[in-house]
Amino acid sequence: MDLAVFGPYIATILAYFIIFNILTWGLNIQFGYAGIPNFTYITFMAMGAYVTGATGLPRPTAGFQYVQYILGYSWPFPITLLAGAVGAGALAFLLGLITLRRLRTDYLAIVTFSLGFILYDVVGTFVPLFNGFDGLFGVPQPLADVFQLDPNTYPYFFIPLSLVIMLICWLVANRIFDSPLGRTMRAIREDVEVAEALGKDSFRFRIIALIVGCVFAGVAGGLTIEFVTAFNPSGWTAPETFVIFAACLVGGKANNRGAVLGAFLVPVIFFEGSRFIPVPPDHPLLLAGIRYMVIGTLLIGVLWFRPEGLLPEKKKAFFEIALKKPTLPVVQAPDAL
Amino acid sequence: MLHSLVLAFGFGLITASVLALAGVGVTLQFGVTNYVNFAYGAYLALSAFLAWTLNVVVGLDFWVAVAISTLVIAVCAVVVNRVLLQPFARRKLPTVYMLIVTLGLWLILSNVVLVLWGASQRHFSVAGQHPVEIGPFLFTPSQLLIIAVAVVCLVGVHLLLTQTKLGKAMRAMSDDSGLAAVSGIDTDRVVDATWFLTGALIGLSGCVLALNLSSFLPTFGDDFLFVIFSAVILGGIGHPYGTMIGALIVGLATEMSAVLIQSSYKSDVAFALLIIMLLVRPRGLIPSRAK
Amino acid sequence: MPSDDLLTVTGLTQQFGGVKAVDNCDYVLQKGRLAAVIGPNGAGKSTLVNLIAGALPLQQGSVRLDGVEIGGWPAYKIAQHGVIRTFQVARGFDKLTVLENMMVAPLDQPGESLFNAVVRPGRGKAAEVKQVARALEFLNMFELYRLRNEYAGELSGGQRRLLELARALMGGPKLLLLDEPMAAISPVLVERIGQHLLQMQRLGITMLLVEHNLGVVEKFCDWVTVMVEGRAVVSGTMAQVREHPEVISAYLGREVVSATG
């Protein structure tokens, strides 16, 4: 096997796996920890991609009349990705302000679902924003110019780079889960009213979960456009959100290891699932259609057979403290309080 | 300007009719089963494409095709409920799981439509589309028929809800399903009947919406779904009469904004209405009792 | 020792679609009391609790805690101010362990800020250790210690009641609102919860119960208020209240009427 061909292929798959992991963790924070049904999660990934791309690209020149986009600052790599993350976070903040204060789960779901279609429509038809349905392309790859990297071997550079970013995301996601912050988010997921009766401002905790999750999506989107160098609305149609939901639910929600498993299994399940259906090569629509049918079936199947996922949410074990008298008589109060 | 506004008002009435048909279906189902079904976009598309096949490929009269398609969707809605939704609902999982199940259903059904009918623009073959002037408005005969059908159906729903035992049972379940079950209502039967009615209303509105669009894609139902949701939430979710008012407001607002702003922002106006409504009166124009 | 007023409710009115559930209600609760609100069904007892706790938006009237007007505040702010409530049906965070349920309750946890959680998780650790010790102490007190690592959703109904009380204690309340804490539990557990309430009173916590079971009220509570048709008509010890003519008519009147009519 020719390594020169096969190597970049493996690297590309790895890059997508890394990106998909970050996406799944972000959704896990929103949905798994805090129980927010953000049914347009993919839009925030797109926001991250567009802002990263548009801040990295130079100003659109008059010669290329057909390419239009805002920003165009030619910013260098880490700043573009940060800008993408901030863009996604800002959009999440707006959404949270509108929806998280008083809305019930089903209203929240309707608003997020609808918002996705609206923004998709706006980005697609309002060309001056991000070049409409053609999208952005020719986005400079991170540090390729600084180190004079060859496009053919670029994946070898990109993988370690994105691995570092993935590890940072892993750390953040797990630290939140292990902290009192994560605990309160999960409490709010279980019963908002009880959490509020204990003095928890559910709005504050849920908007943090929404923003952090969407920042993850933004980072994943940013990495996507930096790796692929192009991005357009076909990359973030509404059903894509549910591919990530499927990964999150199959792996086990509120469990980041489970999310990794889901991010690995869901594409595999799709390929395995669609192998038994003969697809004529001249029918690209059929393949996409079957992919989403498999995802839909997967969502329903997981919720029916194993709603907690393959790796369920872990029980939090606390350090043990030995009690002086393990069985106090009931009516006696401890003296010291 | 004024003239085009008046014309837009007329179009608004048609959109409102279609919206009211679908919205009343959505709101009835929500009231009785207490969860939102996100698969309606696919139901709308399925109905329209089925009718298209019967109308254009088989060659049946448009309204005959619509009648058959409506009936098929109604039966499908009942079957889907029996096979998929009701078993999940019985498990009393958190609301959000129920929503994800309907989204899974949406993914499956909408892609079935896409695979079966392809992604090309379709249109019905309906004869005699010369506009008729009625007062200041301009309608095609089929548009007039849409309004008439909608009015007849909505009056029918009203009579069903107020005059029949089934309708009263539906309203009772809408208010308090636990109490309804205790007071001897066969809730499973009411749920089935509700899905049949909702399926029929959605099926019918899918066809007439597609007719009104002149040409339609398999995704047209999804784009219309949140316009329906806007109307439903505006009217207070679970309230058929509120939904009719909501449909009128959203229908008129979207069509008239097409004249005032730009026609491509029609659905954005519906979404803006939804957001404003949620911010100002999250329980709708006619607030429901605490549930 | 002159006991001062902790809770002062004046002119509270709440309408549900034209029906006044609470009608110009005045109510005063002194510090350190284990008080009860009793009354016939539909007298507005639970609505009163919901209004004090901020679970319902305040329509009219004033609620003061320690001289601070808390009426109209959102529920979480009222809780932060020291008013913690329990629910008619014991509720908890099912997918959290018993100990985690306890650990949610403390206010102002340093580890609840995003910055601390992500950048310096050590910052919250010290506070966490202290709270775990406190939580285990309380769990021990309510005989839930051995269940500390079970999911709250796996507890029995009675255990959930106990957890609810223990968790409320964790929040360090000035005033504890208990909405029918004895509802739907066995007589043995009623006695036990009663003893716990006395124990909590000794810890200095003021409590207000909504209760149907007059025997329980008589046995454990030192201050009883009778609500009739949305108003607090009389307050005192159970013995005093029992003699009051309005109470007799409120409780017995209906039975007499229904027996004759």
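Order of writing sets the chain letters: A, B and C. Residues in each chain are counted from 1.
Keep in mind that, in the parts below, contacts are C-beta pairs under 8 Å (C-beta built on N, C-alpha and C of every residue); 3 or more make two chains touch, one makes a residue touch a chain.
Small disclaimer: the values here were computed from a predicted structure and weren't measured.
**Q** Which word fits how the chains touch one another: line, ring, star, complete or other?
**A** line
**Q** Mean of the CA atoms for each chain, then the mean for all of them together: which chain is nearest?
**A** Answer by centroid distance: A.
**Q** Roughly how many whole angstrom separate the Cα centroids of subunit A and subunit B?
**A** The separation of the two C-alpha centroids amounts to 32 Å.
**Q** Which integer distance in Å separates the CA centroid of subunit A from that of subunit C?
**A** Once rounded, the distance between the two centres reads 41 Å.
**Q** Once you find the CA centre of subunit B and the CA centre of subunit C, what distance in Å lies between them?
**A** The computed centroid separation for subunit B versus subunit C comes out at 46 Å.
**Q** Spell out, as numbers or ranges, the residues of subunit B touching 2 or more other chains.
**A** none
**Q** Which residues does subunit A have that touch at least 2 chains other than itself?
**A** Correct list: empty.
**Q** For subunit C, write out the residues touching at least two other chains, lowest number first.
**A** Subunit C, residues with two or more chain partners: not present.
**Q** Could you please specify the touching residues of subunit A with respect to subunit B in the complex?
**A** 31, 35, 37, 39, 98-99, 102-103, 105-107, 109-111, 113-115, 117-118, 121-122, 125, 238-239, 242, 245, 249, 285-286, 288-290, 292-293, 295-300, 303-304, 307
**Q** Applying the document's contact rule, which stretches of subunit C touch subunit A when the two form their complex?
**A** Spelled out, the residues of subunit C in touch with subunit A are 53, 55, 74-77, 79-80, 84-87, 91-97, 99-101, 103-105, 107, 109-114, 116-118, 121, 124, 128-129, 132-133, 136-137, 140-141, 143, 145, 148-149, 151, 167-168, 171, 192, 195-196, 198-199, 202-203.
**Q** In the complex of these two chains, what residues of subunit A are touching subunit C?
**A** Checking each residue of subunit A against subunit C gives 172, 175-176, 178-184, 186-187, 189-191, 193-202, 205, 208, 212, 313, 315-319, 321, 323, 325-328, 330-334, 337.
**Q** Which of the residues in subunit B end up touching subunit A in this complex?
**A** Contacts found on subunit B: 35-36, 38, 84, 87-88, 93-97, 99-101, 103-108, 110-112, 114-115, 118-119, 222-223, 226, 229-230, 233, 237, 264, 267-268, 271, 274-275, 278-279, 282.
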